[in-house]
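Should a chain be cited, it is by its letter among A, B, C and D, assigned in written order, with residues numbered from 1 in that chain.
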């Protein structure tokens, strides 16, 4: 058993980490850190943990050393935490946006603030087991990608790595309300957000920078908040280079993901669930990916879906931990999702 | 044309008043008062009013005299406004809870604060056209009932007035999230409130006091927040006195409501919409009522539904205005609701 | 008063026509035709019409002559009805897909069946007042566009007419469940369809053919069913030709729509409802349109939203009727939509 | 490992059994029986099982002997299956309504058809571990209660067993759409069922008969379909006998459920999730129960919530299996539910 601490434990990603770690056979949750609710029971904020734990939230200044630290804290404030913990723990997994982008100029452009810990950037390994499994086995610092970014990277990387996609790639990201976090403002009140098709990022979104970094493609993302609490779906539009045929695309996905435990290829001619659908992924660590080849326009449409709090965050982080510790990757991540739901 | 001002115009009930008054053939909206957004366009808060008006919100201290004042302000703070306006305007319609209960002790018990303008209570006429149409014709001060209260009062008054129902009456109120208002807190974030069945008032709710006052019945209300933005439904459970037969109940409803423009009797043996269903009432001023007689247990179940912001608030207030001004009662209230929706 | 008949009156578009025509000051609804429910009351299928009408459905063979006929019937079967009625009525408004595409080959490609009344195609005027108001004034046969098509055409026509957009244009259409009609199958059961992000047309959709026809652009549509009953939103992605500047785009929209009663330009820097949002359009005849200029990529993102049953169908048809009869265009269409909802 | 077959495997309860049994450490799923989809892959109907199994549905006539048979088939047709399998398998768990009521007259009254296998009734043990754990250890035939019945029985049994509740008890049951099954008709289309507050059983519902049988109380249930796919909540209203004090009620619940693995007592003075809320129970086997004592009226309000497909069906059946086989009761049932969701 290793000892794990979660910072930002009262947030939505943090709460999902608590759920997954409490159900993990090799992890003991030793601290759930929250500056807002120190001393309060975890289940007073995350009622799904009732009877799963009697733990209370720990104030940040009381967090003690442990084997692995997860940071589910807001960007910017995370930099200080990383500085503090980087050499005090065997493994640090950061789920904020602060160490996802290797280029500090890109970071500044997308986050609007300067990067204050550039010296640490090189030490981070991207938390994408499908792309960086080997590096993750020895990583000390891991930076987990953004939810829509992860979906799009997994959708596009097999194509990009084989020159099967042309820039620019248009990404149409749709996201549930939990992506706005547990401290979202008035515009996330139920009466305003319910039933919404809120185009909150019409022409550009932070997550496109991660996609560009990991695929080399010029990616442009439109993001829309849809009626859902959990769930992300990204529809990618790209043209294919001359000479490329569909079977090369199919082979690319098969080669990339046939042995991946948490990526499924989903594209059916008929049925109700023909393409990746986030709702059946609630609580699961799967990223479903399906592509459609449009012969007339030599265009590919690739659809990817995941639960933003799991494969788009906490679950992906736990999968990275499993890789790092050489445990079965599905430890703590075996919930398959529900139907109907 | 008369000139009308709305206080609390940035709230949900206030916004609905704006919509209805802007579409009213005899009313000119002269002020939409908001302490939070003075100078901002109405449609920056209520986007459904785009192209309907170029008005901006008025600061409270700048509100000028007019013919009718609507108060859609929080309880307690409303008392001062009533004091100020009671004799400065021809007609004041209060939509807060402050002047609904005639008995200040009952008010204190249910609202937890003392009543500070008891001298005004007698001057108010209840804003329930179905019960007090004649008094409304000459009213100067009108107090519109609470949303769930209005549904329950309209459901039970025909029975109570004819001794067809026995105390206690159990009221099961279900309400959408707009009832919590435009400044609801974190527990009304979409991610928390979505899909909820939140029993927020398990054994007692303020609105039961209004029901008791208007029907003479001992009413006990359980209230649950359900997944909806608008809409209220109240299911009333009562036993009938010995000797009463169902046709007396049916006659009671028919006599009471056959000529009412905004009450419909809805109880069908088959079909998808057999009993009152709030969703088809969105935006409309109807209160639908249906009863079921259970012979075995000599029990009546009465279901009532309405849009909490219309017949449960702003629409009812406009109907009162129409009665008071001797205009057709449907002025500004002709929208019938949608199907499907 | 003119006499109007609606075919397909038990469907969702048909029901919406009933609602609008019953509220129209110059129209008498004389027949609501349904082969499925002859003799049944309209409000047994459309419960929002309770107390608005006592009419019953008319069997198709009993439909009598009248001044205007609306066809809200399935494609293909509509051709026979048009043949029958084309010369028996002053005005026929077809809301099916049968006479939207002028080119029978395109029709066959998108609908998978041959067109059986090509001789009638030339007589139809497109039911798009914003583009064809003059021709509509004297039209005898009108064909109303598809819901997502109408949104996209209104979004793109101002650009296309001024060479401000380049092909191909990617259209991302999102639609509520009412678009599948009142006879949708098992995959539209609530338990399956609820909370869905169902990519049902990943690379191509019928409505793109209408967009191409009316704009001259090569349009490619991806369509997704989202959690909503009503509402369509189309996000259009296009690059702009060299030399074009944003103010030309802004001018194009202003010139096109400044005087249009049912098109609003919506694009704000801040606020909860910055871009067109279908939910606040429920029941209204507005099409909201907003554009974003991305300087870096010389790309335009245009967002359009409407209620698929109103401006995307029945409301648009009534607006065409109003134009044709030289009545105020807003007759029967004054409902502004709700907030919150 | 024991071999298990599921009949009715294409339905919603059946599909949930598949999910739970595929994740059960001691069970091998040998047949998923469906008359509608023989030969088709399980995951073509239940997409959440993708990558969990390659099994296909078995035609009923091809089902072979196995150790345990689960029947998730429609009532009435289940009687024949029980007759066939009762002596061919070590354990039969029936999830239909056919063997829940011991009294054939009561069955006829509530189901409208005569009972055709009364000779088998005595052999069934009720599938309620909390009440009948000892009998379940040696059971051959188990009948799992209805979803709303189970919630109400668990809510009321502690009171009834100690004479702490008086008849009649009013039960207000609220249920999601999955309770109508995978073959529900037009009234369950998304466009009709979405956002509904559908009072489909205003004065009486089948499940009240099970409550009466297990508690001895005169129970009357009103049932409403609410906007949710999964989830049941029952609010129970009862008066308490003279002399009873609240601490007796509290003690009753504590004594009954302190050691129960799947019943949690939930009643808090503050917080967002004060009383049992079905949405945080999605996929979990918990039944949450909370009571409120109203001193003024000497009335108890007890709220119970569960996932109708899990603790209200398939999960409860698996828990019964675990009891019968003397395995840990949580085998296959460890998913705790999600927050937010």
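By definition in this document, a residue touches a chain if its C-beta (ideal position, glycine included) is under 8 Å from a C-beta of that chain, and two chains touch if they have at least 3 such contacts.
Note that this is a predicted model, so its numbers are computed, not measured.
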From the C-alpha centres, identify the chain that is farthest from subunit D. C
Between chain pairs C-D and A-C, which one is joined by a greater number of C-beta pairs in contact? A-C
Counting in whole Å, what is the centre-to-centre distance of subunit A and subunit C, each centre being its mean C-alpha position? 38
Dist(centroid_CA(subunit A), centroid_CA(subunit D)) in Å evaluates to 35
Expressed in whole Å, how far the mean CA point of subunit C lies from that of subunit D is 45
Of all residues in subunit D, the ones touching two or more other chains: 12, 178, 182, 186, 191-192, 194-195, 229, 271-273, 277, 340-341
Residues of subunit A that touch subunit D when the two form their complex: 12, 15-16, 19, 22-23, 44, 46-52, 178, 182, 229-230, 264, 266, 271-273, 277, 280, 282-284, 286, 288, 334-341
Of subunit A, residues touching subunit B in the complex: 12, 176-178, 180, 182-184, 186, 188-195, 229
How about subunit C: which of its residues touch subunit A in the complex? 168, 170, 172, 174, 186-187, 191-192, 194-200, 202-204, 220, 222, 224, 226-228, 231, 233, 235, 237, 271-279, 292-294, 296-297, 299, 301, 303, 305, 340-341
